[in-house]
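Before anything else, here is the set of structures, which you'll find just below.
In the two assemblies presented below, subunit A is common to both, partnered first by subunit B and then by subunit C.
Let's turn to the complex of A and B:
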């Protein structure tokens, strides 16, 4: 009973915080709301007896990923400026895509036969951590490795893009006299962003 | 109902222990630093200056609460609370003797690391919420530092988890009772964890987020009175958590060396655990008053280029040995 109440409370809170994340004008606060939302998700996992998942959720999503997002936000200029455009004009396309994705998720959930939201606990293996570890390194080893390679590729790609950007800036700077003033302004802006 | 009562008692006891510990640690820090610099340290209030910190706390509570007009009210208010709550919650899974501890979790170690990583948020909030340059620079430094040092710290302890085959604090100590202390098997891991743990607790020589000679007081520049006291309390609680972790993972927790521990009463175990923890705290204070503060660019290079490769070597070597011995 208590679990079910907590589940719905945290569920509603998570949805509210997710909405606040996208709708708030200040991007720093959006990131803060996102951290709150992820924390609510961790609480949801606890109500479902998936304690390990909850702890990993806090460690990875709040401690690392949101942290990096906040870090990136603080490195950009004028974070406090609420007049800054945060929304684009692709409302209809994105709503269509979101609706499509939502219907996909709903159909999967319905097909999965998860009728009751809160399941009865007790069917979990006693050594859940060990079970997760063994499953990841035996039955799902391929998926596990593919994900690691994907992360490695993302890392190398990010480094490559960062390096390339620097070089382009350098080239543009050296030929800046021959270019129009628009390019000059562009270089200046890019420089400002880097600072 | 029983669980609720147990929980409330646990929270009250834990809070008193942490507050008392902060009082002792502030006094200890002053005395240790004085001793290392050939000074006397606090010696006016009470015998040997013992009540100096109590007087300071009273002063902090009575101080006027000043808030920067341009600051962000909610975020400014939340930051010191989180700074204290996260290390406080981490104590839930720290056992102080074989049967004494609030709750032993399966993944106790991961739980502590997760809470440790959310402390960064309080510092970022403090930096952003105060709307002050010093605070913001301090918060940025701290975010970069904590994210970078968390990686070698967790990689360094993976060796211990490989040997113990468990993430539960109590089981890890039990394993050390059957074998020897893990510092014997993991000397490199111990040193790496000690360095990264000092950096995670924002202690000198890694106290760049609050480097007073360049940033006034870093992320808590704009905080006064009780809110500042909460940051203080949180910092000492975080230091206590780090030292408890080091003792539990590497130094045998509550175990007495060279004796059969099953016949020793619990109160000796608790005393031994406290002695070990305070020795580690003394070591951290020793670091603080011995090493000069690191430069901010050296700090990043040291974390990523020295600590992390060493941690990886340690992990792979430990994994290989564990695999061979199986």
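Let's turn to the complex of A and C:
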């Protein structure tokens, strides 16, 4: 019973927060809603007896990735700029297409045979954390190493991409045209004034 | 009513659909990255649910989720570095304006 209550509360909260994330006009509030949604996902992991993953979710997603996104928003976006268009013109058609995809995949999965509604069967490993550690360093040792190297490469690559340097400024062409024509007009006007 | 694997699967598909809509309709690059995080999380929920309900005596699904989280962290770091670089060069983070390669 408690399980069902927790599932419905956190599931509905997660869906509502995800919708708020993608629909809210203020991008900073979107990031905050995303943090709430990640927290609901951590709670759902606990209802699935994956306590370690719940802790890692809070540490890595909420603690690190959300903070990184908030930093990027602070450094780049004018948060209070309400004049800009937030959505492109595909809002309704992509919503409809996604709704079709969703109904298709749900109908296919609900028809599939995973032995009816499987509930609470089998027995969990007695030492879940130890089992995860053993699996990481025995069966999945190659993937573990590859992922470590990937993380290192991503770290170095991110540093290299984001580092300050005095490369040429690739301003957009239309923007350059507007500005240079404006400068020319200004020069022309001042010349006419002199004449 | 008992909560089974289908409840978790349907929830995760709904989250996946929301993330898909977010990637498709928003114009800000950062919002698209946030939507991609929603997609990653729905997949994580699927993996853990399959692990819990079909093979509860193993931990394969949870190990996969740890790998997915690592890749998501790397993706966020590189993606946001690209966002910073794009912002430095274009002073603009709307996806419709970033078409220099096309022109």
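In this section, the second predicted complex is superposed on the first by the 123 of 195 C-alpha atoms of A that agree within 3 Å, B and C clash if a C-alpha of one lies under 4 Å from a C-alpha of the other, contacts with A are read in each partner's own complex, and residues count from 1 in each chain.
In the analysis below, a residue touches a chain if its C-beta (ideal position, glycine included) is under 8 Å from a C-beta of that chain, and two chains touch if they have at least 3 such contacts.
None of the values given here were measured: they were computed from a predicted structure.
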Subunit B versus subunit C as contact partner of A:68, first or second or both or neither: both
Touching partner for A:14 - first (subunit B), second (subunit C), both, neither: second
Which superposed partner A:32 touches (first subunit B, second subunit C, both, neither): first
First, second, both or neither for A:52, with subunit B first and subunit C second: both
Touched partner set for A:128, first subunit B, second subunit C, both or neither: both
Subunit B versus subunit C as contact partner of A:43, first or second or both or neither: neither
Dominant toucher of subunit A (residue count), subunit B or subunit C: C
Intersection of subunit A interface sets (partners subunit B, subunit C): 52, 56, 64, 68, 71, 75, 128
Parts of subunit A lying in touch with subunit B, wherever the complex brings them together: 28-29, 32, 35, 51-52, 55-56, 58-59, 62-64, 66-68, 70-71, 74-75, 80, 128-129
Touching residues (chain side subunit A, partner subunit C) in the complex: 3-4, 7, 11, 14-15, 18-19, 21-22, 27, 30-31, 34, 37-38, 41, 44-45, 47-50, 52-53, 56-57, 60-61, 64-65, 68-69, 71-73, 75-77, 84-88, 90-91, 94-95, 98-99, 101-102, 105-106, 109-110, 114, 116-125, 128, 131-132, 135-136, 139-140, 143, 147, 150-151, 153-155, 157-159, 161-162, 167, 169-173
Partner subunit A, residues of subunit C touching it in the complex: 1-11, 13-22, 24-28, 30-31, 33-35, 37-38, 41, 44-45, 48-49, 51-60, 62-63, 65-67, 69-78, 80-85, 87, 89-97, 100, 103
Subunit A contact footprint on subunit B (complex, rising order): 75, 105-107, 110-111, 113-118, 120-121, 124-125, 128, 131, 136, 139-140, 143-144, 147, 150, 167
